[in-house]
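Got a structure here, written out as structure tokens. Questions coming.
Read from first to last, the chains carry the letters A, B, C and D; within each, the first residue is number 1.
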Amino acid sequence: MLTITDLAVKFPSRFGDFTAIEDVDMVIKPGEIHGLVGESGAGKSTVGAAVIGLLQSPGYIAHGSLTLGDTDLRTLTPEQAHAVRGDRISMIFQDPQTSLNPLMTIEDQLIETIQAHADVSTAAARQRAVDLLEEIGIKNAAERIKAYPHQFSGGMRQRVVIALAICTDPELIIADEPTTALDVAVQSQVLKLIQRLAKDRKIAFMLITHDIGVIAQVADRVTVMRKGRVMETGETAQVLGAPRHPYTRALMDAVPPLDYRIDRFRVPQEEGADFERSLGQKAEDWLLAGVQGAPTGLTLQNLYVRFAGPRTSLFRKPEPYVALNDVSLTVRPGSIMGLVGESGSGKSTLAKAITGLVKPSDGTMILGDEVLPGGKARDRHHPSRQLVQMVFQDPYSSLNSRHRIGAVLEEPLWFYGFVKDADQRKELAASMLALVGMQPDAIDKYPHQFSGGQRQRIAVARALLARPRFLICDEPTSALDVSIQAEILNLLKDLQAKFGLTILFISHNLTVVRQMADDTAVLRNGKIEEIGKTEDVYERPQAAYTKSLLALTPVMQRASFAVAAHD
Amino acid sequence: MTQRNLRQAALLGGVLSLCAIGASAETLRWASTTDPQTMDPHAVNSAPVLSFLNNIYEGLVRRGQDMSIEPSLATSWEPLEGENGWRFNLREGVTFQDGAAFTAEDVMFSYQRASDEAADVRSWFAPVSEVRVVDDFTIDFVTTAPNPLFPDSIANFMILDKDWAESNDAALPARDAENFATMNVNGTGPFTVASRDPGVRTTLVPNDNWWDEVQHNVTETVFTPIGNSATGLAALLSGEIDFIQPIPLQDVEQVEGREGFKVLEGEETRVIMFGFGHEHDTLLYSSDVTDANPFTDPRVRLAAAHAIDIASIDRVLFRGKIEPASQLVPAGISGFSEANQDRPAFNQERARELLAEAGYPDGFSFGLKCTNDRYINDEALCRAAASMFAAVGLNAELSTGPVRDYWPQLREDDFDMYLLGWSPGTFDMEHPIRFLMHSQDDEKKLGSWNFGNYSNARVDELLPQIQQEINPAARQAMIDEVVAITQEEVAYIPLYTQPLIWAAKDNINLTQRADNFFMLRWVTVN
Amino acid sequence: MIAFIKRYEGLWLFVHSPAAIVAAIVATLIILGAVFAPWLALVNPYDLASFSLFDGLLPPVWEEGANPRYLLGTDDQGRDMISSILYGARLSLVIGLSALTIAAVLGVGLGLAAGYYGGRFDAIVMRIADVQLALPAILTALLIDGIARGILPAAVQQDLRVAVLTLAIALSLWVNFARTARASTFVQMNKEYVQAAIMMGQRPSRIMFVHILPNILGPLLVIMTVDLASAILLEATLSFLGIGLPADSPSLGTLIRIGMQFLLSGEWWILWIPTLLLVALVVSINILGDFLRDVFNPRLR
Amino acid sequence: MVYFILKRLVQSVFVMLAVAFLAFSLFRFVGDPITQMTGVETSVADQERLRDELGLNDPFILQFGRFTGDMLQGDFGFSYRTRQPVAEMIADRIPATLELGIVALLISLFVGIPAGVYTALRPRGIATQTILMTTLVGVSIPTFVIGIMLIFIFGVQLGWLPTFGRGGTVQIGGWESSLFTVEGWRALLLPAITLGVYQLTLTMRLVRAEMMEVMRTDYIRFAMARGVPMQKLHYKHALANTMVPVITIIGLQFGGVIAFSIVTESVFQWPGMGLLFLESIRFVDIPVMGVYLVVIAFFFVLVNLIVDLLYVAIDPRLRVRDVQ
């Protein structure tokens, strides 16, 4: 049993010690899955690292106690602590792609770990490893154990990671975002495995995640953290069903539901919202002045995109890799089309084809009533370059970090020749910042001075300053915390309504698409599995794939918890 | 008698080497800066090759320790009667290292080989019109004109065995591809090559059948070229080599200060001088005088000579080891003009006066060309000289470069003033007069290294007379006249005789000959 | 607060790194000495009339037989050592910096373009880079030197020594820049801000130089310092091999080459004073390079 | 994988051709061989005749064609200076240079890698700072000064090691090796250290940087979390993963090592290709210079092909196909 009492971890910095976590108390019993949930900066990973004794240098435990069973983890020498690692406490990392040594076979890694903690022969260790892999759901384990990590798929790799974590029969496993990098189907399998291990082997799990849906699905107890402190802790049903702390409540409000659509998210407080919204009027007027005629739609007909595959022979042409396979869809003018799919389904390729970054090998793209040339055939001065704009996934890389916000925002203004006068450009850019909910004085700052949500607002402002008629949002919120996601989604909804934009909204997250899209298309392996009104697709899915996706998406059904809590 | 002596010497040598603890006492390990590029005595006319091969091959005549000519494969020689040329009486009983007997046929063959177009040394035989074998041990060299110095000029003409060369496809010197004689030797000399790894090491062992009395006690010598002078010195001081030629001047003190080492200092016959572009109408490298060549005025040339502080050059650059020169050969060389031994004094005042007289009171700038890898301290010398010239208003634009680029530049007349070192190949004053003082004459191959084309009708007139005069006094008088004229006109500024600095372990006795040749036959290891 | 730290992070690290401070001071002093050599030096080593062989081989003042006029003594030409090393450092730095500039412009330009356009252009640039790599620095320099000797008229060769040497060193350094710039550009090409610029239809030159270049400057700056050090050393090595600068316009390398002759002869100062200065300069630059590397790669701290 | 290797082969051929072209251009531009081949007293007319005979007056293209044609047939021509076949001259010198280069490389690896690991694992230790500083000073001193200093300290003052040459060598099937005698090793030590100092520093710093990078990766942290013994963690897991960039750089640098041996060989009178090359420069022995360039390029290309194969050996991702 793990007991954490009054734990504080500090990181010395040049401005004194930075307190990463403080006043953290937690008890995890054998066989219990204890969820640790919070947004970025909450300090949840620091708790896990402190327990296993792998705090990033120069962090240190300032005070508090950590005991595992009868062992006081804080009094161990480094050697003893290392012996405890693996033997009694183990860990699962977020990304199975990077947490296995690529140069060693699975077998070597397993045997090495087993032998590090138990005095067994190599043959015995191998047998144990094979049994374990079978148990964990890897078929034909005796043979596949000889493989290298890269020969396994993501889900299988995460199973191997789990096998490595449990091969020494630890009492406690710290699972740091174990499913975040996985697609929903695999995520669901891994979560089930964790549940089974907790139950069968009585392993205690500390499940660190930002995804309340995951918590809702598997955790017995949950601790909510924010800015290094525990907000609330208790039975999962109780915390999620009847949150006591306002923060928990706000967090719950920001989670988009899968089963119904809400108009606006309730947002606790907006970052930097304490200024005159009227400053944005100028930008709003300018945008509206540029919007002439009806909204612009987009039609794709039988679109194919093929990439050259890896060349393996001098004499054979490489097999092409088909990224988009006969995709046809229509985005109605003034509507939002949601595009859902797992990683590798071709979502981003579709966005790139529309924006001209990728050349379709076949098919037609029609914007409004004009055919869009594909790839390099599209002239640098083609009108679509202005009419179609994009909001990218990663707000950290979508803004040039060496340019001031002013330069980023004014670029479309002079580039498209909208505003010739430099002062006016600056004024308009500042006003646009206000319109997207930012302080206009941000214009003189650099991107790194802003948080992810703020940057995404700036990215939206940049897109709007091109006076677009068609906006592509490629996973615009997947890098953001859930409360920030809510704000950005609200913003996009507002802008779409105000300026009659047509939006193609791309996401892997079914709940988000449900909230945003009028129509929804489901993409898989470059093919459209299903397309229709959002409501139809979610309520009455036709394709088996859509059905399984919907079934596997972890959701937090608040109502059911509420009921449970009352029981 | 000779035979018996030889046998005794060989026997004695054998006994000695048995008595010595290990053979190492008589193994001589020595180093020099460059490797002889070939073992073929007719293929390359360069000092490292000729010096090295003189230990293996022999000529009709050879030079003694004092550079004098003495009999070698010829026991005697006399002028031909009734025609120009010389008769050589050859030594009998001499064998090549492979055992073949030496006869006049071999001399004839070697002459043909060395005067062939493929041979680099053919210019030695320019005066020869015909060679006649009189009998097995008599041979005549007929020359186009009287040539009293001919025997002196062929001291480096080495004799090959005809049969050996022909049967090994080496009848002609290798020029653009190697042949047998590039790597293999068969001479009559005191040593023969035991093994050779070009550029790395060459091992010589004594020729047991050598005809002459053995003076050395060396049983084996290992030669290594060491290009970097600091490394060479380190090798000597660490005891890995016994002898090195040359060592840098500035290290003399260091070697002398160490127990067990000695430095051999001598004067080479090479005189270092500055030459002028006499026939140029204008200066090539001047930034101020572009319409005239001040160096055509002897007063300007004399001013330049007066600007040189030879004493400081000696003290600082050469550590007091040079002999200032007054003419183009050093004292002691035959033909040296005793009557003209003074060189212009270091006198900046006088130099400025002369420049003012010549119409350049403020001086002028010009280009000075120098080598940086040819002579001892050549680059430093030129920098110092440029600084001295500058002090009197002669602003030299110094340009230095490796010798590989140097001769072409001089041939193309691309200089205002240049540095030159000249070693009289025949050890006679006639040699520099022929090459450096006579007007350029391509047809007669005269003045071929007179790059500035200094020209004086009287000098041109005197040269053939000097070449043909048999009477030493009359000849010397004519040479004195030439020297006086060229000094008067400052045809060149002779600076000094280049020093020869060798270093060896104390237990090595050797002879330092003025031509910088290292002759193994005079080496004894104690 | 965080913004403040980030903005002045380099400065903060600098203040807390004694090695970097010492290195910066040493490098600055040497550079200042080099820049102001004409005003600081007792004699001008290029002006042959300003010194005399008569004063040759004087030792530094603390040794016997010194002339107090020459604090660090004189060389075998009678040149004041202080003046020589000031001018020598000046020339070494001029050559190093010019070579670096040429290499950086060429390398970064080609690397950026190769990374941006990819495909065949990239392949061609990288093959050229391979050929360049197959001819290591010394050989490139020898080759350029040889070609220059061959094709330039002898009259201008002397004047162009510095240019030829600079070009030779530059050519041996550009690949480093090209490879780094290319690799960094590849990384940036996947960044969304670049894709945004491409989508807008901006000119490739603007995307490369206005958008990408500022983002890849960090690693390039590190290479610059390291390569400046190599350039100065390479110049010295070429001088040692006899294809550097002539002795009458000495760089540090040439001074060392000249000094090598006096290694054993007792006039130690002629070798060791320029060597010490060279080592001090190169070490300082290298330490600053290390420091910059740390600044730009916070994970290594 | 086969394709990968084949592609590199094609690229290598291109590099070799380009270098051959450069080498040949050099023939045209460096100095005048005739003045070197002939003595001081050879007349201008004789020189012209020789120039004609050697084909030096032919057009550029004709000469290049002859050059590459001959090379492909294994005929590398004759040295202008020694009249020996160039192929033979270079071949005689290759063992010396290769042994020097390889031993220098081995020294740099056997010292550089452990030093790199040590300094990466204890980034703040006094020893680390000392090592980093010493090596930094080491690479800031010109190689030739280091070489001469070593000679004077260990050769002249202490008298421990020879000052020049290769010492005892043994002929093994035409390969003259100094690796089989004590004398040979004694002679090899100083030049190899001189040549290896720069590589050593480079290797150490590279290993250090890569190691610090790798130590932060998830798989190392995961291995830590599983309690994999530290020794194994550092060497089997971490070090192995630094090897790909390390051998890449070493491969790229090996050509540089061979070329930099010019300086070392000249200081130590080491009878390798570099020394031959320097002599050739001095005598404008163009055939030797050109072939030297081609040989250096060949070694570079060869080493990088070996590096490519090593990638395959080290990294299973290049070796084992996906079996999903």
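One rule holds in what follows: contacts are C-beta pairs under 8 Å (C-beta built on N, C-alpha and C of every residue); 3 or more make two chains touch, one makes a residue touch a chain.
Computed from a predicted structure; not experimentally measured.
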{"item": "Between the pairs B-C and A-C, the one where more C-beta pairs touch", "value": "B-C"}
{"item": "Rounded Å distance between chain B and chain C, as computed from the means of their C-alpha atoms", "value": "44"}
{"item": "Inter-chain centre distance, chain A versus chain D - centres from mean C-alpha coordinates, in Å", "value": "49"}
{"item": "Separation of chain A from chain B, taking each centre as the mean of its C-alpha atoms, in whole Å", "value": "87"}
{"item": "Residues of chain A touching at least two other chains", "value": "none"}
{"item": "Of all residues in chain D, the ones touching two or more other chains", "value": "31, 148, 152, 266, 278"}
{"item": "Chain C: positions in contact with at least two other chains", "value": "149, 260, 263-264"}
{"item": "Pairs of chains satisfying the touch condition", "value": "A-C, A-D, B-C, B-D, C-D"}
{"item": "Chain B partner contacts - residues on chain C that touch it in the complex", "value": "47-49, 51-54, 56-57, 76-78, 149, 154-155, 157-158, 242, 246-248, 260-267"}
{"item": "Complex interface listing, chain D residues touching chain C", "value": "11, 14-15, 18-19, 22, 25-26, 28-31, 132-133, 136-137, 139-145, 148, 152, 209, 212-213, 216, 252, 255-256, 258-260, 262-263, 266, 278, 281, 293, 296-297, 300-301"}
{"item": "List of chain C residues in touch with chain D within their complex", "value": "19, 127-128, 130-131, 133-139, 142-143, 146-147, 149-151, 229, 233, 236-237, 240-241, 253, 256, 260, 263-264, 275, 278-279, 282-283, 286-287, 290, 299-300"}
{"item": "Partner chain A, residues of chain D touching it in the complex", "value": "2-3, 6, 217-230, 232, 236-237, 240-241, 314-317, 320, 322-324"}
{"item": "Of chain D, residues touching chain B in the complex", "value": "31-32, 35-46, 49-50, 53-54, 78, 80-85, 89, 92-93, 148, 151-152, 155-156, 159, 162-166, 266-269, 271, 275-276, 278-279, 282-284"}
